[in-house]
Amino acid sequence: MTAAIDAINFATLDTEPFYLPIGDEVALFEAAYAARLPVLLKGPTGCGKTRFIEHMAWRLYRQRRKALEVPLVTISCHEDLTATDLVGRYLLKGDETLWSDGPLTRAVRTGAICYLDEIVEARKDTTVLIHSLTDHRRILPIDKTGELVSAHGDFLLVISYNPGYQSILKDLKHSTRQRFVSLDFDYPGREREAEIIAREAHVDESLAERLAVIGEKVRNLGEHGFEEGVSTRLLIYAAQLIRNGIEARRAADIALVAAVSDDRTVQAALADIVDTVLPATDP
Amino acid sequence: MTAAIDAINFATLDTEPFYLPIGDEVALFEAAYAARLPVLLKGPTGCGKTRFIEHMAWRLYRQRRKALEVPLVTISCHEDLTATDLVGRYLLKGDETLWSDGPLTRAVRTGAICYLDEIVEARKDTTVLIHSLTDHRRILPIDKTGELVSAHGDFLLVISYNPGYQSILKDLKHSTRQRFVSLDFDYPGREREAEIIAREAHVDESLAERLAVIGEKVRNLGEHGFEEGVSTRLLIYAAQLIRNGIEARRAADIALVAAVSDDRTVQAALADIVDTVLPATDP
Amino acid sequence: MTAAIDAINFATLDTEPFYLPIGDEVALFEAAYAARLPVLLKGPTGCGKTRFIEHMAWRLYRQRRKALEVPLVTISCHEDLTATDLVGRYLLKGDETLWSDGPLTRAVRTGAICYLDEIVEARKDTTVLIHSLTDHRRILPIDKTGELVSAHGDFLLVISYNPGYQSILKDLKHSTRQRFVSLDFDYPGREREAEIIAREAHVDESLAERLAVIGEKVRNLGEHGFEEGVSTRLLIYAAQLIRNGIEARRAADIALVAAVSDDRTVQAALADIVDTVLPATDP
Amino acid sequence: MTAAIDAINFATLDTEPFYLPIGDEVALFEAAYAARLPVLLKGPTGCGKTRFIEHMAWRLYRQRRKALEVPLVTISCHEDLTATDLVGRYLLKGDETLWSDGPLTRAVRTGAICYLDEIVEARKDTTVLIHSLTDHRRILPIDKTGELVSAHGDFLLVISYNPGYQSILKDLKHSTRQRFVSLDFDYPGREREAEIIAREAHVDESLAERLAVIGEKVRNLGEHGFEEGVSTRLLIYAAQLIRNGIEARRAADIALVAAVSDDRTVQAALADIVDTVLPATDP
Amino acid sequence: MTAAIDAINFATLDTEPFYLPIGDEVALFEAAYAARLPVLLKGPTGCGKTRFIEHMAWRLYRQRRKALEVPLVTISCHEDLTATDLVGRYLLKGDETLWSDGPLTRAVRTGAICYLDEIVEARKDTTVLIHSLTDHRRILPIDKTGELVSAHGDFLLVISYNPGYQSILKDLKHSTRQRFVSLDFDYPGREREAEIIAREAHVDESLAERLAVIGEKVRNLGEHGFEEGVSTRLLIYAAQLIRNGIEARRAADIALVAAVSDDRTVQAALADIVDTVLPATDP
Amino acid sequence: MTAAIDAINFATLDTEPFYLPIGDEVALFEAAYAARLPVLLKGPTGCGKTRFIEHMAWRLYRQRRKALEVPLVTISCHEDLTATDLVGRYLLKGDETLWSDGPLTRAVRTGAICYLDEIVEARKDTTVLIHSLTDHRRILPIDKTGELVSAHGDFLLVISYNPGYQSILKDLKHSTRQRFVSLDFDYPGREREAEIIAREAHVDESLAERLAVIGEKVRNLGEHGFEEGVSTRLLIYAAQLIRNGIEARRAADIALVAAVSDDRTVQAALADIVDTVLPATDP
């Protein structure tokens, strides 16, 4: 098994990651970081949790560190992710057996923020691993080498999960959950979302506004039986297709209607919204 | 476990792969490719999704690349396909341990289209792997080497699935699904299908037309309890058997009636259609 | 896990494998082979599918190949059969790591018929492997070596399954099934079966005829709740025991009645048939 | 996993294994062996199937072979028994990789009888392995070496199972079952059992007779809900305890009553039988 | 799999671990230790079991040992924790194969307290391992080396579990349970908890008292369907956020209301308590 | 997986292991050993089965063997215990591959008693392994080396299980069970238990007597829904705590009431018994 790890080296970024706050989440995160309290981000798919954590890493580390080292390690959890993937393993290189730190260990040693995305998808042994990093001990034991790594003063553990998904089988254990401060996320409001669409897809404000209206209306469709609304990402896709010459309703068809669900009833409800909001074009 | 991978090297092809469009799918795919939006192909077995993607790779890369390198990597997913199969592994060769890129990594580095056929059959860790390739990051992290591979500008990820099959256990996660523009596929209409049969099996138009009629009628049999109609491929098989001297109804028996189902009621319904459309021959 | 593989080298055979056709299956198979259409053999246990495919390999290759190489590779599938077993693996020999082709790869390279017996018993990754061998591509990708093996012009894939067995969990996927022409097999009629029994067990026609009558009557017992009739093989066993001095009814007891089922009711029904057909001998 | 294998070398035996026939099983087995028909032994625990096969191996091989090599290989099947355990594996010895035949392969090569005890307990891949050994082919393919081992002329495959046990999940597949002649076994009658007890435990005929009566009565208790009667082995245990000074009823208590079941009702029924048949001794 | 192990070396601590007793648990543990009786700690998440065992290790070893070696080994159990992880394994280092003691073995040899946290989460083979350490034998057998390690005189095994969690599938076996003296733990009373909050978060007594009142009220909410009350740790988090400038109710929102549950009803009940106890601040 | 093995070398013991017989079990075991009949010990947790077998090994081997070698091998079975753990494995040491006997093999070769504690917990392949050791053959086949080890004349196999526990899934197979003489064990009567408590905990007879009364009364509580009574071990724990200064009822609280169950009703019933039997002490 391999861990899907995305360690962003800020030295390679020359601009601040774009993030449009939707409430007081920036201040709350800064206070939690000041006290080094572990943070849990809750919210639906594609509402900007990954962007937020990239943005916060930038804010918190830009001034703290002159030499821009690796301050953020993102790990997408899945059911085959093991403790070994996170902590590290011995690798055979030629005649030697060398220890290779895993991404969590690298974050603990260097004082990065370690972001475990969709933590409940991971295997249970990974969950247990983080316990000693999230209480007064702040240590990571490495069984295979016998080393006890005390966390760098800048280290913080952040996890996310999506309450809409969780089955009983895959809920977060209380003994894990009660180690985190929780920040709730949701899709941005209409105006903010229009601003994001216009900026990301390079389309005019009028089109962006219409697509944001579609997003808002679809998310109010809760009673039609689909648990997740359309993500901001899909609205941006629709805008990009339009900018590349696809007729607006057709673009919404393939980026929104067909992408969100296979259920014909749900698709019809979405198509109605699209028809109402987007103008028909002459064939 | 091994990955079943089919990397087509266009340098070995001297003619364009045959594909008869059934709608605006070529234009839509070109617009998605222009914006590098990941694409999901939905549709039943044997309706031409693999042909379509081969055709599009040809269209998009023929002019772009003088030296015809490997622009398409097709991977048939199955439940034993792991992230390691896709990303790569260390191989022992003599005294050395050498890293060997997997097919997804090769596609990411060389800017090929990577086509994951029947994605929902794969193990979950493979699904997570593609997340960072399908958002603003466009990177593939290789845990074992510590490398972060930024996708070549030409790279695009395309996946397919068959909505008729999906059980609740094997549905695409929302957090994966909402990363793709969706193109719906279906069997071609009667005339187009006749054209395909005639071309592929080298039979005359009259026979091809009759077989296409059978295909159309069978697919309208939805109420008899089989979820998939007969594929175009099976109609071509019937034509080929006839061209090789098998009596028409007998050829339809073994290529269509017996091939589609073991259910006697379903077989009888198919046989009725065959009898109506194909002429009896004197014994 | 190991693959149970039976590769028959015709160079070691000096006579044609005996097979008594029960219909037009020989002509149908020859037409399918002429167009290189993959073939699915459907039918119950012990009705002669393995014999048929040996016979067809003999017919099709005898003239085609002067030097009689290995033209038939039979693989009995089971739930631990993996893609690696079929395709091949690296073996350590002394200091070297050598690639060793699996039986499917050998068949693909040398143009043999590859017969996968009871395909639905195999693991799913094996099923996916055969997809690219059964459409217009006719290639076998070998992931571990990076090789794409184009099938030899003589290669054909043949699979079998037994519709009486299949549970919902172990049915053939539509996307696999719709790649094959289907030939139905069943037990031979009374006269043909008597001919086979006489020939294989070296018994006289009268005894062979009586045993064939038993076979026919048992297979008509469908309403007594056993899904498979008695196989021709068991009738031959009974004949062989009689030829070795066992009294006829006692031979039928142990070769037929006790061998087919443990259910006392079913056994009684079979015993009645045996008593009716075979003469009692004085003790 | 390891295979529990018991290969008896007759060269180390100087007397015929004791077996008291209960019917025509010796003649039937000899006829089956003469035609090399695979044999299935059906019957309850401890009724003498293992003894019978040892006896038959002695009978069939004593004269046939001057030098008494290994003519019987007994393999107790269990759910972790794999095809590799039966066929063989590569072993690393110093710098060399040597092939080591498994017990089935040794039996096939040397012409031994191979006895697979409780075949339904084995993994499915082992069941498939024996198919090509039990039809006209009589070969054992060894995938890892590429060798096809033709069975020695003396080789015979014998399997056993206990119909009282079989759950639906662990039944013998029809395609396996219809490859064997079936011999039914049961516990011996009262007189024969008394003879066996007297001989094996070195007790007098009167005590042996009483214990055999207990055995007979217990087996008639079928309506009290235990599927297996008491085995002859346990009756011999009781006799041995008595010969070693334990009071008769107490010996029956621990060797029969407590050994057969934990159910108090069943134990009471057994104790009643013991009290009736065995005389009380003064304390 | 790796064991998450936290071996605290007291040589690196210069102050006594803070622990505020809630009853006679210190005296009871000292008596159990005096007789070397294994101890089971029962109680909910975050009520101070880990702190207690650190405190007891300090008390019991401070005077006993001049050189402060490793007197406490804490192991967080999880479902992938194997006996090998606890006992040790052979490691390949260069040309040599060296045995490496696992954490349990190190504790047994050096006379440390070994604390297995949430024992029921571990695999069953680990549970069996501790049997011979918790009866008159006090030995740890190491199968792989053949060594029998007699426990150092100071060694004691301590385990914990949380009765609120245990499902039937994950209960402690009677044969394990009846080897331990049991100490019940619960959250501290209001006054003691206020003292702990004030001390740990460096906030004034008035705020600490209010947060402790919230803790007490939430734990009385048992009838609202959440099995675990809020932990002391979360109350400290709230205090820390307030000290870092977050408005009191908002801090309680993210550290208590959102952290304890995703259930809107439960959250509303908690928010009511927070509103009652904490003063509103002007915006 | 590792086997938890406890091989007691009597050479290191200078006194007879204490065991107080509760019936004729010593004589019965000696008779079974004289005839080398395998023995099954049935009884609840902590009633002295392990002590009994240690005692019997001492009795039977003390005179038989001048040099006190390893006459008893105890193996605690669990669900990850494999046949390899019992029989042995190849170990790599430097350049050589050396065979290392497992504990069962060592017992078979040296003529020890091998005691498999809680046999039904082990994997099925271990159960099959012991079949050939418990019938007339008395051999242990070692598949990996091809060796057939004939048991030393002194060898005896003893197994235990706890009828109170067994689920249908984990019952002993009839074909295994009917190979053993069965000895029933239970907790000792009041007087004997008081004698044991006084001796083991070094407390006076009056206290020991009261604790034994508690044990007796608790075991009569069967109708309150807990299947196992309190073990003698826990009564000794209570006595030891009292001797170390804990007030009597408090000692009974933590060693008996809280240790036996988490069920409040059951605990109340136990507490009532404790209050009745033990005198209250002034605070």
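By written order: A, B, C, D, E and F. Residues from 1 in each chain.
What we mean here is this: a contact is a pair of C-beta atoms (placed from the backbone, for glycine too) under 8 Å apart; a residue touches a chain by one contact, two chains touch by 3 or more.
Bear in mind the structure is a predicted one, so any value in this text is a computation, not a measurement.
Homomeric contact chain B/chain C is classed as different-residue, with under half of its interface positions used by both copies.
As a whole-number value, the distance joining the C-alpha centres of chain C and chain D reads 31 Å. Between the Cα centres of chain B and chain E there is a gap of 54 Å. Multi-chain contact residues of chain D, defined as those touching 2 or more other chains: none present.
Round the ring, from chain C by way of chain D, the chains line up as C, D, F, E, A, B.
By the touch rule above, chain F contacts chain D in their complex via residues 24, 27-28, 31-32, 34-35, 37, 40, 42, 82-84, 87, 90, 95-97, 123-125, 127-129, 131-132, 135, 137, 139, 141-144, 146, 148, 163, 166, 173-175, 177-184. Residues of chain B that touch chain C in their complex: 1-7, 9, 45-46, 50, 76-81, 85, 92-94, 100, 103, 118, 121, 162, 165, 227-228, 230-231, 233-234, 237, 240-241, 243-246, 250-251, 254-255, 258-260, 262.
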